[in-house]
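Order as written gives the chain letters A, B, C and D; numbering starts at 1 within each chain.
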Amino acid sequence: MQLGMIGLGRMGGNIVRRLMNNGHHAVVYDKDPAAVAALAGHGAVGASSLEDLVAKLDKPRAVWVMLPAGPITETTIETLHKLLDPDDVVIDGGNTFWQDDIRRAKALRERQIHYVDVGTSGGVWGIDRGYCMMIGGDKKVVDRLDPIFATLSPGIGDIPRTPGRDGRDARVEQGYMHTGPVGAGHFVKMIHNGIEYGLMQAYAEGFDILKNANGAALPSEHRFDLDIADIAEVWRRGSVIPSWLLDLTASALADNHTLDNYSGFVEDSGEGRWTINAAIDEAVPAEVLTAALFARFRSRQEHTFSEKILSAMRAGFGGHKEPQQHPDPVRQSGPKILKPEAERS
Amino acid sequence: MQLGMIGLGRMGGNIVRRLMNNGHHAVVYDKDPAAVAALAGHGAVGASSLEDLVAKLDKPRAVWVMLPAGPITETTIETLHKLLDPDDVVIDGGNTFWQDDIRRAKALRERQIHYVDVGTSGGVWGIDRGYCMMIGGDKKVVDRLDPIFATLSPGIGDIPRTPGRDGRDARVEQGYMHTGPVGAGHFVKMIHNGIEYGLMQAYAEGFDILKNANGAALPSEHRFDLDIADIAEVWRRGSVIPSWLLDLTASALADNHTLDNYSGFVEDSGEGRWTINAAIDEAVPAEVLTAALFARFRSRQEHTFSEKILSAMRAGFGGHKEPQQHPDPVRQSGPKILKPEAERS
Amino acid sequence: MQLGMIGLGRMGGNIVRRLMNNGHHAVVYDKDPAAVAALAGHGAVGASSLEDLVAKLDKPRAVWVMLPAGPITETTIETLHKLLDPDDVVIDGGNTFWQDDIRRAKALRERQIHYVDVGTSGGVWGIDRGYCMMIGGDKKVVDRLDPIFATLSPGIGDIPRTPGRDGRDARVEQGYMHTGPVGAGHFVKMIHNGIEYGLMQAYAEGFDILKNANGAALPSEHRFDLDIADIAEVWRRGSVIPSWLLDLTASALADNHTLDNYSGFVEDSGEGRWTINAAIDEAVPAEVLTAALFARFRSRQEHTFSEKILSAMRAGFGGHKEPQQHPDPVRQSGPKILKPEAERS
Amino acid sequence: MQLGMIGLGRMGGNIVRRLMNNGHHAVVYDKDPAAVAALAGHGAVGASSLEDLVAKLDKPRAVWVMLPAGPITETTIETLHKLLDPDDVVIDGGNTFWQDDIRRAKALRERQIHYVDVGTSGGVWGIDRGYCMMIGGDKKVVDRLDPIFATLSPGIGDIPRTPGRDGRDARVEQGYMHTGPVGAGHFVKMIHNGIEYGLMQAYAEGFDILKNANGAALPSEHRFDLDIADIAEVWRRGSVIPSWLLDLTASALADNHTLDNYSGFVEDSGEGRWTINAAIDEAVPAEVLTAALFARFRSRQEHTFSEKILSAMRAGFGGHKEPQQHPDPVRQSGPKILKPEAERS
């Protein structure tokens, strides 16, 4: 079938390619004309503006927006609100906050325009392997788009079937799912990413303990000088904890076992935060997912104000009111330890 | 080669079978004569006691102890200490605390008996798929046992190679690794299990948030009634977070999506605890692994004393000193909520 | 000066009493006529409705709303919006979410009505000891109300002055503070309550460890049978950790050292949740405050779904697909342990 | 009565002074002769060696060791083991690990020498205010030392009595307590310090959120520029959360509200670690106390290896295997943010 695509970055461009490789048609737009031209060279119909894209699509139109979540997606959908006609569909495939989906769908509904939110996982390999999609929207509209989703999905491949699934929705085993009404797609994708944070942090802490098993503060008979690149590799083979995340770790460590080519400055995207907000709204304890988020917050600061408050209290214990430059000589040294400020230069 | 096996439970028995299926020879002992007889029927030499087992093995002997970690392993190895001869090897394949390995090896060394600790992962499928093994001990001794480990390991199979490993120890890609001196095998296995706790808890919290997305305390327009069995399934296919642990979850949910066939009473084994102890000894922050452990502790109590302290303080806020039966009418309801005691009967 | 008070519960009633005891005048309203009559008997002017209250106040009016945060406060202020005149002031002394303050103040500003938010701490003892107040609003309006705040505040009393405060705002040492524009009062009160959660949980966990120091799973030579009522008391005297929260704990434990008169079912109010939301919005790690909140969430459930997911995974490890009633025989027992379901009946 | 004191640092010296000021007698030793001379000038009997100290004490002797926990305390007590006679008492007033107490007492008991462990709180103000003491040992021996403890304790002072304590041990209200057999004193002091970590971290996180309430990443209408020095002060007066720890914070902030005179490099002592070990041994969840400890671990590193693992995985998501210098442009900025390494010059 025909799809309009707005945003031809790595995700949007590959989605279009995978669709065209499998017989679908695409009208494409990006603010960068070169990106449009590149896909036009592969058989897509290029558009020079949102208006042009809308004009070139057959009704009822299906327009997939694949842009960074936030203001640019917001204004693009506001524009589509004005350009589209009743029964057209806007698909937001980005990492939008699910409550924004609900708000937007309500606004679009006033003009009988449909809205579908697609949480899309798969990254740069999606063009070959397909995308895992979590889809929110009205059933009828989602069903109308099924040829698109069926093509983009990875398919059952060589992943073994789960026992006991006979009689359940077969599309799920192809790697895509209609998870519920508008917002439910991005809600489920949000939790997917929240879990991902927790998984990553679990591996990271484990490797940190391995790495520091040779610390000078340990009794010498209890120290181990471990080859963590090999450990990551051996765990890929027959252990309980293999995963793609472990594969990535093994690959990075094989390349450089100190990882000193990485800053350790770790960004977070909205999904991790929204996951915790959802947990709080639901009164569900989510210690691990929260700790994973806070570890990233912490990674981006030299020292928290919180730590300075602790230092200040500790200086106060001594009965001195005067400022102290180095309140804390380290009695028990740990890994790659910072020196107190006074000793640092 | 020839191996003596003590302990013919699911792990020990399957290890012997996998070895014999591949041309090795085994002398086996278990306190349960039926277990010995069963393996004897498959070609093993049965032993009626530790003494008998030692007598039936060729020197230098290799004796694998596959018993529950703790007193029974301890006394078995103490007995072997007396029975074995210089240059024999004791292999502890259980989930022993790595500092016990170091202590034992030191004692055995007085009689020139070797000690090798093998952290063994793979569970009941190991007989077919092989075991991931993390091995601690002297290099010469570990090398002597290589035919055993090579047979027990899963082999490279169809798991893709990690780029950049050329020139590194090839055995690691077979799924077994000499991780260091005595204790290093169980140390690495311990961290493996610690990570596993964290991974499990990350998935569990995510599904808990999904499950409670339909809570009555949420605004009605923000509620989702999600099919979490299908969500577990769709995440197995093309997402970022597939793993065997997710497979198990998908399978359990396909079977019973409420999981009301499970108590939610979650045991912990020593490895999770020792992992945190190691983190503390190394001064490595390990929030996620610790939270995963504490969630299990909490799961086994009706109420912590900690919670009663909170209730008592809160009652005190009211200015009353008298005991209160139900200090806390629930203003914000959460999932499957307990009623305060006074209302419970 | 004159103040209108809406809501004559424990807080509102005592505030009026403390004001009248110190020469101020009050016009009071409550939906319960008996509460109005009681204060009228002490010299307040009773009002039979919001309209009546507004009519009986001198302009520019000052109306303090002391009602539970949420719908009732919202509708009361909406009504005042219609009844009041320009330059009148609405004071919200409840536990309102600070973003609601900002929204309401904006709406009231359209009619030149002022809004002041007062985070009020002090509980039932406030009538005698005074209230710690954190006040948000325009400086001119807050200053106009200063006689009220000065009377309600605890005053400097016998609490030692902090060195280095000379030249700083003296009102702060009286126990009240203009913390910033509208919303800043409740924002600061929110963090106060968030900290309170963390403090309570720190004590609670400490006493839990003391209580369980005699556990059967511990080596007998490492067990202590501690008198925690006496420990709470001794810590009140010369240690580093005395506080009113510890006083409450000591009192509760002196009354009943098992605390079996408390359910351990712990409510949370909005402030604890909003504190974490604020931390997340600011990208500030707040592990302790979050853990304190989650402990309360957990206390209100028999088992989390998260725990059932863990049980299900663990059952899956065994290679069985069938449901298990009691996957987890307890190897290491802990405090007051639940039995697995199968053993519980 | 007469006491021998070994270690005349701030704690040991002040304990001796408080005892002598109240009519007790002291024989004192320190490796620093000047410290001995200083106290001799105040009426103590100086000793030039452990042997000399033992010789100058009347039998049965009471010798208080007030040295840093660890090797120096250990060797001192080993020496006393040889020098002392049956029925003498060794008192360890330092921050010794309680299991070391148990081990040492067992060794000393072979020579009928008693051992008492005293967890001592009070810091540099103890000379005036007295010390809160948690005492482990045999009842008869602890009772023999009662005159010492009674003098060192703060006494009931002006701290209100806890209701319901009539008939309970009156010494507890003086600020000292016989908590149980050997080890129980330091065990209870350990938990005291563990709680202290949690309390400190709760305050610290709260102030961190206040400090960052003006962050550039927040919507402008939701920002507050708060005077946290004044907030610390106002909370001291009539709120729910005053404490000495808050006093210290208020004092430090009055002095320098940015706290840029502190490094934020926060030491931990053994008690915080041992508290968590105890919680794990007892299977008691202790999220808050653990998070407080881990925050200190984290404060002493520039980046954890854990964070580099996260960075490496994230770089892997992009499909690139090459090392990346700055994988993570910051989308959502937080407080005082580090720049990724590549941008740091």
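Keep in mind that, in the parts below, a residue touches a chain if its C-beta (ideal position, glycine included) is under 8 Å from a C-beta of that chain, and two chains touch if they have at least 3 such contacts.
Predicted, not measured: the structure shown is a model, and the values here were computed from it.
Q: Quick check: more C-beta contact pairs at A-B or at A-C?
A: A-B
Q: So, comparing C-alpha centroids, which chain is the farthest one from chain A?
A: Of all the other chains, the one whose centre lies farthest from chain A is D.
Q: Compute the distance, rounded to whole Å, between the mean C-alpha positions of chain B and chain C.
A: Centre-to-centre distance between chain B and chain C: 43 Å.
Q: How far is the middle of chain A from the middle of chain B, if each middle is the mean of its Cα atoms, in Å?
A: Distance between chain centres: 30 Å.
Q: So how far apart, in whole Å, are chain A and chain C when each is placed at the average of its C-alpha atoms?
A: Each chain's C-alpha centroid was found; their separation is 36 Å.
Q: Which chain A residues touch at least two other chains?
A: If we look for residues of chain A contacting two or more partner chains, we find 123, 163-164, 201, 203, 205, 208, 212, 240, 245, 251, 255, 268, 283-287, 291, 294-295, 297-298, 300, 304, 306, 317, 321, 332, 334-335.
Q: Under the stated contact criterion, what part of chain B meets chain A in this complex?
A: 99, 102, 121-123, 126, 129-132, 134, 153-154, 156-157, 159-160, 162-165, 168-169, 172-177, 179-181, 183-184, 187-188, 191-199, 201-203, 205-206, 208-210, 212-213, 215, 217-218, 221-222, 224-227, 229-231, 233-245, 247, 250-251, 254-255, 275, 278-279, 281-289, 291-292, 294-295, 332-335
Q: Quick check on the complex: what are the chain B residues that touch chain D?
A: Going through chain B, the ones touching chain D are 163-164, 240, 268, 273, 276-277, 280-281, 283-287, 290-291, 293-295, 297-298, 300, 304, 306, 317, 321.
Q: Given the complex with chain B, which residues does chain C contribute to the contact?
A: Chain C reaches chain B through residues 123-125, 200-201, 203-205, 207-208, 211-212, 245, 248-249, 251-253, 255-256, 259-270, 287, 291, 295-319, 321, 323-332, 334-342.
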